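Taking it in order: structure first as structure tokens, then the write-up.
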Amino acid sequence: MHRHHSCAAASRALAPTFTIALFGSLCTLGAPALHAATLNMQNGGDPTSLDPHQLSGDWENRIAGDIFEGLLTEDIQAESIPGQAESWEISEDRTTYTFTLREGLTWSDGEPLTADDFVFALQRLMDPANAADYAYLQYPIRNAEAINAGEIEDLSQLGVRAIDERTLEIELERPTPYFLGALTHYTAYPLPRHAIEEHGDDWVKVENIVVNGAYRPVEWIPGSHVLTERNPAFHDADNVSIDGVKFFTLEDQAAAFKRYRAGEFDILTDMPKDQFAWMQENMPGEARVEPFAGLYYYVVNQTEPPFDDVRVRQAFSMAVNREVIGPQVLGTGELPAYSWVPPGMAGYGEPETVDWMDLPYPEKVAEAKALLEEAGHGPDNPLSVQLRYNTNDNHKRVAVAIASMWKPLGVEVELYNTETKVHYDELSRGVLEIARAGWLADYNDADNFLNLLKGGVDYNYGRYESEEYDRLMNEATAEPDPDKRIALLHRAEEVALDDSAAIPIYYYLSENVVSPRVTGFESNAFDIHRTRWLTLQD
Amino acid sequence: MLGYAFRRLLTTIPVLWIAITACFFVLRLAPGGPFDGERPLPAAVKANLAAYYGLDDPLLVQYGNYLAGVVRGDLGPSFTTADFSVAEQIAIGLPYTMIIGGLAFVLATLLGVLAGVLGALYRDRVADWAIATLILLGLVLPNFLVAPILQLVFGLTLDWLPVGGWGGGALSHLVLPVTVLALPHIARISRLMRGALIEIMNGPFIRTATAKGLSRAAVIRRHALKPALTPVVSYLGPAAGYLLTGSIVVETIFGLPGIGRYFINAALNRDYGMVLGTVVFYMVLIVILNLLVNLVYAWLDPRVRTSATARGQA
Amino acid sequence: MADAPYDDPDTRPLDSARSTRGRDAWRRFRRNRPAMAGLVLLVLILLAALIGPYFTPFDNETPDWSAFRAPPSLASGHWFGTDQNGRDLLARTLQGTRVSLAVAGVATLVAVVIGVVFGAVAGYIGGRLDQAMMRFVDVLYALPYILFVILLMVIFGRNVYLLFAAIGCLEWLTMARIVRGQTLSLRQREFIEAARAAGLGSAAIVRRHIVPNLVGPVVIYAALTVPEIVATESFLSYLGFGVQEPLTSLGTLIAEGTDVFEILPWLLWFPAAFLVTLLLSMLFIGDGLRDAFDMRGHG
């Protein structure tokens, strides 16, 4: 089913739509404030869509995860617990998962939710015509990658089958330890086949949308907010305390912080770091800064000089004084990253680190200079590079600081910033010399990060190509024994670090500001806090 | 009067058409724009573009389709917000911008005229100097400086007003944005008013009126006010334009979902379709508003309607 | 005399009978105290911006790792304090002032050149061409130029020079109107008749007789336009379309300062003071020039 044509057709008949939209806007203008049990959350930007297959950002995940629920879901600690499925069995060879759905599941419009809705959704995800960016997350499913790449045209070949209305069978390509965790992700949510077949692309419109989560969307004013209210058809609706959430679209951290202080917001998902010290003094306990499974790094374009030379890459990496960035530049104390995989990934143990990690900083700089000179970029042939980052105060601070750290190497740095969408768009098209990027773990496994450096992966912005690395990664993916697999991953990480495939900078901290009125907001390494676990006191 | 309106409309439409055409071709042909073959677009966006602009048709046909679309009120797909088209987003944001802008317009005119009259009445006395200082500050302080300060003072420290948001259109939520938006125009209008009043009051026939024994206030009210309003009214035309562009900052700072905010987000995200559509929409809107102001002006000053004087020697 | 409904008394050209010589104007200007104060302040700021950087203890780029987010202090050498990247604010403010003034200067130049040429041609040739050109200006006057500027920046990337030129193209309209009015009135005067009788071609007449007489009004309007341009540039910088790092402008500094002015107030107050002083002084100078050249008639 092609999505695009009906959207285009709709836009052709727009004069009536303009008036309808205008009328609708006028009607909602004077809407009174909702009752007190609405959670007011600042959420950064507008979601791209309410369709989970079009999403890729953490701010979009907050909304999607409230209005939909997958086979498994996240509990208050972001651990995986049964969601739509009440139980499951795993075959001996660990490639076949059989899920039993809860009894009596319905969509918000009353239609029964069956295993077929999961089949439909996953097939739609893998259908190359829909160009879902994140389809690759579910590649462990048999034939998923082949279908998504267009090698297999028959969608029913996907390893997902509805045995009966309440039984779903998923076959994997090979044993995948993190698969259950990956099922909590929005790429694995079920979708209402009946609604999509009826409304086509318009099914995501607030008046048509049908969901199965704890909440359902009732209003979306782009640039202002997305409003949800409780979904009575949710299987655990009795235990859901908060009546609804208003996700405010506001990227200006300073403005959001002011409104938080005025009591207009209960939760901020983005904190102005400059105010952190002030917050600790004046609003103790409200600023929640916690370790987070994420890596902040700079990627370098290895398809062209000068960064095709490993010595240059290493020099640049060594000259970064990571220890001062967290405490001084940012003020919130992020820990320096000398590895590629952040600590805490399931079963991974201590990540590998670069050999030069423990050298005192002045020695690092000296060696960096030596390396540059060896590579032909001594003082007589200084380098001039462009450093890109997406528009954000924190990225700017880090970029300015690091540019000044490269200056003693004789490097002239031009700073270039664009909006987030544009930034990543250009990165995926290879328009960069050095660029800032960040990666937040999608599931609790180290290969989530290591995949970023694999050949042929879209997110491998620097186009790092290493036969050895790819070989190790492929062996690891095919390896059924978990210990051997981890060992292979470690070796791959070592290869990448020795090659200075990219420049890791620091491990992320999750930063939220939570009003004392809210309980149930427990810090976790994935910064996922589903509203069904929260309560709001008056 | 109708003839005058019609004539003005006739001269306006060609320029509007030229501007829209220029925008279309700049967008279409610019290097690095969305139609530049070198930049692969996301599949969904490409499909929408193809459907709306008919990318396989010859350029002139595309242009014709585009113009037809504009006339119909269809401004094309938004490149970055898949769920809402350009016209839909504008329609959603329009009431917010109109309400804030309209209130600011009224406030600016009323307070500006008042301040100007007071300044002329109490010329060179303390009240005049006080008003003049406030006026200067209003002229010179950028609105993105005034807004956060007012937010802090009235929203947080004194807690009299909400810091941001629409709040269902409650008056308290409108006070700060409208004030910030109106401030520079209050300043300019009052300067114009005061200057014009003073000049008129020094003219000969006013002196006769004063000699006849009328008080200064009465003189102003009866003889000076209407002609002094002329420069103010002529400022109101461009002022409508400035208000629309000034609302960009106000909407961003106070978190109001008006057209200005959509425009800026679209511009920063390189959503060319939205940017182009908004520019076209703004142009049409401002031209209409200016036409209205012209008509008011012509009604105030009948000399303008006569073609000889309308294009008279300087 | 209503040339167009947008005419306000301030754009009326000099009446030849009341035009005054430069020396008289200067005398009148000197007696205008706010204008003189503005002039002094402007010169001081210009000097500071141009030669200050050679005298400041720190430069505008290098972070001082021992003094991040430091308040102003005479002892540490950071007289204006430092920002969140440890850069000296005094140096940054001076750099910002330089950039803002450069933008204003170039943009004014562009506006003057385009405006003078357009207005002089329209005024001198007169007739239908003049009416057409002025109608064009009338309608353009009403269009939202800032939006076009932003549209251009979006398409062509954030180029500082494009910024200068784009802003200049915003402001030429008023200049054109004034120049055209002035040219029209000059055209009628006897010495032009005499020149024509003597056989001088139009181009030479424009060059030798009309343009020199335009200097007065042009200077005044340039002076009044500069604050608008500085304000426009800071508006664009605030939105994110102006100058980019590591360049900075007063608008950018203020925009950054407002976010943190509760905890790092010096980051806002110093640049804001510079901007406000700059704008006020230019405003006073412009007003003073206008009064000095007697543009508003007897006051």
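Here the chain labels run A, B and C in written order, and each chain numbers its own residues starting at 1.
Going forward, contacts are C-beta pairs under 8 Å (C-beta built on N, C-alpha and C of every residue); 3 or more make two chains touch, one makes a residue touch a chain.
Given the structure is predicted, the values throughout are model-derived calculations rather than measurements.
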A-C or A-B, whichever has more C-beta pairs in contact: A-B
Closest chain to the centre of mass proxy, which here is the mean CA position: B
Centroid distance [mean C-alpha coordinates] between subunit C and subunit B, Å: 22
Centre distance in Å when subunit A and subunit C are each reduced to the mean of their C-alpha atoms: 47
Intercentroid distance (Cα basis), subunit B paired with subunit A, Å: 40
Where subunit C touches two or more other chains at once, by residue number: 240, 258-259, 262
Residue list for subunit B, restricted to those that touch at least two other chains: 148, 152, 252, 268, 270
Of all residues in subunit A, the ones touching two or more other chains: 254, 391
Sites on subunit C touched by subunit B in the complex: 1-10, 12-13, 123, 131, 134-136, 138-144, 146-148, 150-157, 180-182, 184-185, 227, 231, 234-235, 238-241, 251, 254-255, 258-259, 261-262, 268, 272, 275-276, 279-280, 283, 296-299
Of subunit C, residues touching subunit A in the complex: 61-63, 65, 68-69, 84-87, 240, 244-246, 256, 258-260, 262-264
Residue numbers on subunit A that touch subunit C, as the complex places them: 253-254, 272, 274-275, 277-278, 324, 328-329, 331, 391, 393, 396-397, 399-401, 403-404, 407, 415-417
Touching residues on subunit A, where the partner in the complex is subunit B: 3-5, 7-15, 17-22, 24-26, 29-33, 46, 48-50, 54, 131, 204-205, 220-224, 248-250, 252, 254-255, 258-259, 261-262, 264, 391, 419, 421-422, 429
Residues of subunit B that touch subunit A when the two form their complex: 39-40, 42-44, 47-48, 50-52, 69, 72-77, 80-85, 87-96, 99, 148, 151-152, 155-156, 159, 162-169, 252-258, 261-262, 265, 268-270
